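Chain naming follows the written order as A, B, C, D and E, and within any one chain the residues start at number 1.
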Amino acid sequence: NNTNKTPAAPVPVKAATLKLGYFPNVTHAPAIVGLQEGLFAKSLDGTALTTQVFNAGPAAIEALSAGAIDAAYIGPNPAINSYVKSQGESVRIIAGATSGGAQLVVKPEITSPAQLKGKVLATPQLGGTQDVALRSWLVDQGFKTTPGGGGDVIINPTDNAQTLKLFQDGKLDGAWLPEPWASRLVLEAGAKVLVNEADLWDKGEFSTTILIVNKKFLAEHPQTVTSLLEGHVASVNWLNDNKTQAAEVINAGLTKTAGKPLAQNVIDRSLTELTFNVDPLAGTFPTLLDHGVKAGVTKEADISGIFDLGPINAVLKTAGKAAVSAAGLGSE
Amino acid sequence: MPEKITAPVLKSGTPEELRSVEAGLDSLQSDLDVRKGFDWSRVFLPVGALAVLLLAWQFYVSLGLRRRDQVPGPLDVLGSLGSLWADGTVQEALGTSLQRGILGFTISVLVATPIGLLLAQVQVLRRAFGPLISGLQVLPSVAWVPAAIIWFGLTDGTVYFVVLMGAIPSIINGLISGVDQIPPEFRRMGQVLGASRWEMAVRVVLPAALPGYVAGLKQGWAFSWRSLMAAEIIAVGGTLGFGLGSMLEQGRQLADMGIVMSAILTILFVGIAVELFIFAPVEKRLLRGRGLLAGSTR
Amino acid sequence: MPEKITAPVLKSGTPEELRSVEAGLDSLQSDLDVRKGFDWSRVFLPVGALAVLLLAWQFYVSLGLRRRDQVPGPLDVLGSLGSLWADGTVQEALGTSLQRGILGFTISVLVATPIGLLLAQVQVLRRAFGPLISGLQVLPSVAWVPAAIIWFGLTDGTVYFVVLMGAIPSIINGLISGVDQIPPEFRRMGQVLGASRWEMAVRVVLPAALPGYVAGLKQGWAFSWRSLMAAEIIAVGGTLGFGLGSMLEQGRQLADMGIVMSAILTILFVGIAVELFIFAPVEKRLLRGRGLLAGSTR
Amino acid sequence: MSNSLPTTVETAPEEPGRGRLARQPAARPAAVVLENIGKRFDKGLPVLDDVNAVVRQGEFVALLGASGCGKSTLLNIIAGLDTPSAGALEVPSDGAAFMFQDSALFPWLSARGNIELALKLRGMGRAERHARASELLDLVRLGHSADKRPHELSGGMRQRVALARSLAQDRPLLLMDEPFAALDAITRDLLHDELERIWAETGRTIIFVTHNVREAVRLGQRVLLLSSRPGRVVAQWDVSEEHRTNAGKAGELTSEITGKLREEIRRHA
Amino acid sequence: MSNSLPTTVETAPEEPGRGRLARQPAARPAAVVLENIGKRFDKGLPVLDDVNAVVRQGEFVALLGASGCGKSTLLNIIAGLDTPSAGALEVPSDGAAFMFQDSALFPWLSARGNIELALKLRGMGRAERHARASELLDLVRLGHSADKRPHELSGGMRQRVALARSLAQDRPLLLMDEPFAALDAITRDLLHDELERIWAETGRTIIFVTHNVREAVRLGQRVLLLSSRPGRVVAQWDVSEEHRTNAGKAGELTSEITGKLREEIRRHA
């Protein structure tokens, strides 16, 4: 694959293999279901599919950037960072996957935002979606925070698994977390939801997981990308059509890759918080970036061109569905 | 009638008083040691120590200071290990990691030894690159990951690269330290015997530095194994196999202390086994051959 | 009239032929060395080597094989380092890490030295716990993180715990290896001189093992520094200060190779500085005091 | 004044020691008793076999024997540094001062430091230590090299530091393994006198190994000859006051001992 | 037959060598020439100062001097292991065989291994090596301990292995630093004979250090005396055939040399 025999005008060819990266996580359910149900295999007919499981964003982005994988399910922030840093050379967002499912969960005794003064909260990673959301929300609530950790509320960017332990141990007062961690804190550690991120966004929609591809791969193998998207759309549709079976199939996939399924109540609660949608919600991206700037963790940057939604719209059109919008940030 | 007494009867001169028992016991011990074949206390003592630690752990857990899912007891871990064993995860992880660890370490040794000898023997090279190598030694494994991914993609090449970058500087430094401690008369004797630079390095310097070199290898093995664990966290499954590091990380990601502890115990077990069955015998032979075993506790 | 020639004029016996120049140069070099004060070649040579590497790097980058954001050139990194310096990030990270590294290493040495001596001197303890310590040495830092977090939460205690667990087994093993290499006559002499166990350990065994021990300390420093980097990735900012490890991780999160390379260069710089200004002089003094410097390239 | 004892040893010499010391060795209690001492290393042939000897308190005994016959091994056993494989021994409860065959100086200490360590380990205070070390260094003619490290000393100088260190130990029994081997004839003579003076003053029991038969006769009250493979006390001679004053007599004894030694060595060559 | 030269050295002895060798030392070319050699370590006083000497090819020269006077240092300089701080020297281009004062055996090799390494480094094949090593071990009476490691050998045995190793080197110049110091009188005599035989057979130039004046007169064709602090050649004696055959003459020379040595040492004590 990735052969480039005629530099001037590469003739698009079908790739021999497609290397897909994802996380063993309920927010990556479209990937898990697509693999479990053989939806990708079916749509990628003729192209071999290999998968790679990552635990963290940086390694996935580094691998995608270097061409070690061709496409990946990932959070919007790593994708934006990579796009900005490479001046648009590294990746393209080709579809949405999951939205919603992030909450600020706190100790039960905290019932109002005002009580957060001087408390210690966790987020998954500095400058990540939830981190930015928390910081900008705190600014709206009149608190001051700094990326270094100072301010009225102390923010500890910490691994989610550690956050659970720390919270159980009473060493954290709360955390802004994606699924399934928000659910785990609520169900396993007795946390209470103080803020649901969905309430902060238009229509309660914000992107949690998106599908991205290596820019070069997209240029060389558009057919393969289209095939991938067909599988992706099928997978998202399957999730929306089979809500009852979803938990079981996802857990089977998690057992295979993560070694263990999620507890039934955790996955059930997670799935009610998450929405699966091929729309990347491009309209929220400028706001995302604004929040980051406001929170002092990102700099102003130009992300127009990050989306390449042509292929997905073609697929949606074939299926007779409505096109998704790039909100002026790329081709549709 | 000469009475045969194997252990010496120590009587004092004028006041019948026993001579320092300590010294007597010490020399007795070191003398007896040398004679035996495989000394089973080498296995039973560490196993015993481990058992005591396990008991202490169980006791701590049974105090109930912590929630069981946060600090599982030995039995819980055993259960978790058992189920991981039953579905083959442990075997797979252990096999993958062991294979990588051994191969990576072997390559490291083969690369580091000539470099180390060269640096130890040629002052200009040592002065130029010695500090750099010490600098590389303190770079965390994760620093190599982005570069490794760029160069090798998600292949075993990446894993080995990270392992090599972890182990090689350490082995080089160990060898150099060993060479530095060679008494100068050995080199002088080599020179008198007309050894060429190569012969000096291979016939005099390397064997003379061997005890220090093996000490460096031990540290290098630890570095390579730890780097391997770090490399196995990059990505799980797929083209990169599933190793003990992946298992540990998986446990952490799930906040499942049973898996975490199972991985830790397996890694610990590998470390102990390598020490007991590889390094300890090699060191013992080396020391004995040079008459350094007397008085040593090896 | 005796003509004074400082360098020896080497004339051969019958056929006027120069004696092996190599040997002559070698001994000349080792002789001259000892006399000088601070030898600036110790600084210029590594700096030169580094400069050559930087040029090679710039050359590789200028080939344009990789995207600039993936493999930034030295100048890009310098720019990135400059802006990180301007906003104080590098200084903060360097200060935090150095302080933690030095404190953690100091505690490790203070804890490991008595344990190492005890293990090296008492066979039963060594047999029981030696393999365990070798096992602990190969445990990756990340294995300690869950336990550390349970015990210390997100405080510096967690960082220090991870650092200690990384460095202590390595220093213990280094010391034990050093002690194993002591020629037995030193212990025997100590015994003859009537040294108690304590005096033997402190006045005979420890000084005799010092060169090996310092080699172990170097490896221990590398372990502690690498463990520190791993610990600083646990959490970035917040209640835990922002160190070089955090900076490296942040660079990776932001996919900013400039920050990553800046962190790597800073870590490398610390490693080289510690080697040049701490370990090298200590080792040199040690070796010179024992007459081991002749012929060595230190 | 010789009596060759091929296999058994007279435990108490009938003859009193040299006249220059008023003490009567036979009357004094035994300091070292060796009973049927045997020693073998690992899988090898026995090095010592059935060694019997008694050394009385205050005696000055020379031990002679071919190279490799087991003299150092025997001293090690007496010092408690090695255990015999057979037999029993009686030694002073507070150990022995021992000067090893190789000087075994601690390379991290200067000549003075090596001596001071010995003094420190017997519990001497700092000021006294310094003075005593200087005294001992002067005794062995090394006052000018006190601050040199062992590697900066010549072979003979190292041996003298080791001698000074062994004298620094305040033990009633002093074992010396070829203490003067690396010294020139003149320095050796000087140190012979010093050693004799110290022996007379302190009344220590001294057992010393030498390859120099003349030295053995010059210093020893009694000379023991060890055979080779296995080592065994095959002969002993008492050295009387007469041998000391009469050069001819001494020469006679020297050649007698040399003859016996030659005979022993020939048996094995 | 003595001539004391307090400061200058006659470069060519007028007297021919012992009759047992037909060669005429004076007629033969110089093997080692030392011109105003000076040596000081670091900051210390000079150890050697203005040493002048010529050793002709095939000569057997004994070097005498007080302990610590610089004999080993001088040999090191001749062997090229150390550089003089002043002066010039001429040595054979292919280096010298050297037997150090401490045996300096490689502890990781057996006695045989040590000797075989010397043979290997001069390029000898495996089979020949083995045979030659056995020969040399027998020569030093260690055939039975060939497979022992240095730490399993006695001091004298180690010295003999080192002797065998130095003989294994096929060099025209052989430097020996107190080669027999740790040996008993009889073994020493045997090895004296062997060394003399080898010297006569191979015609090597030999410079050896000894503290035994008798040994110097017994073996050397010429005896050089080094003074102390600084080391300088203060006297030399030619040893003629007459000294060898006539015990009285030899004794005379021995006491003359001893007297001179005593005088030298007294100047400094």
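To be clear about the criterion, a contact is a pair of C-beta atoms (placed from the backbone, for glycine too) under 8 Å apart; a residue touches a chain by one contact, two chains touch by 3 or more.
Since the model is a prediction, treat every value here as computed from it, not as a measurement.
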item: Chains touching both subunit A and subunit C, listed by label; value: B
item: Of all other chains, the one whose Cα centre sits farthest from subunit D; value: A
item: Which of A-B and B-E has more C-beta pairs touching across its chains; value: A-B
item: Rounded Å distance, subunit C centre to subunit D centre (Cα mean); value: 48
item: Rounded Å distance, subunit D centre to subunit E centre (Cα mean); value: 29
item: Subunit C and subunit E, separation of their C-alpha mean positions in angstrom; value: 46
item: Multi-chain contact sites of subunit E, meaning residues that touch two or more partners; value: 80-81, 95, 102, 152
item: Shared-contact residues (touching 2 or more other chains) in subunit C; value: 23, 70, 145-146, 150, 188, 191, 249, 252, 257, 291
item: Overlap residues in subunit A, where contacts from two or more other chains coincide; value: 58, 62, 65-66, 159, 161-162, 165, 169
item: Interfacial residue positions of subunit C with respect to subunit A in the complex; value: 67, 69-70, 92, 145-146, 149-150, 153-154, 234-242, 249-250, 252-257
item: In the complex, subunit E residues that touch subunit D; value: 41, 64-68, 70-72, 101-102, 141, 145, 152-157, 159-160, 177-178, 181-188, 190, 211-213, 258, 261-262, 265, 269
item: Complex contacts: residues of subunit B adjacent to subunit E; value: 185-186, 188-189, 191-195, 199, 203-204, 207-208, 210, 289-291
item: Residue ranges of subunit A touching subunit C (in the complex, touch as defined); value: 57-58, 61-62, 65-66, 78, 81-82, 85-87, 89-90, 120, 122, 125-128, 147-149, 154-159, 161-162, 165-166, 169, 171-172
item: Touching residues (chain side subunit B, partner subunit C) in the complex; value: 22-23, 29, 41-42, 45-46, 48-50, 53, 66, 70-71, 119-124, 126-132, 134-143, 145-146, 150, 169-170, 173-174, 177-184, 187-188, 191, 197, 211-212, 214-216, 218-219, 221-223, 225-226, 229-230, 233, 245, 248-249, 252, 257, 260, 263-264, 267-272, 274-276, 279-280, 283, 287, 291-292, 294-298
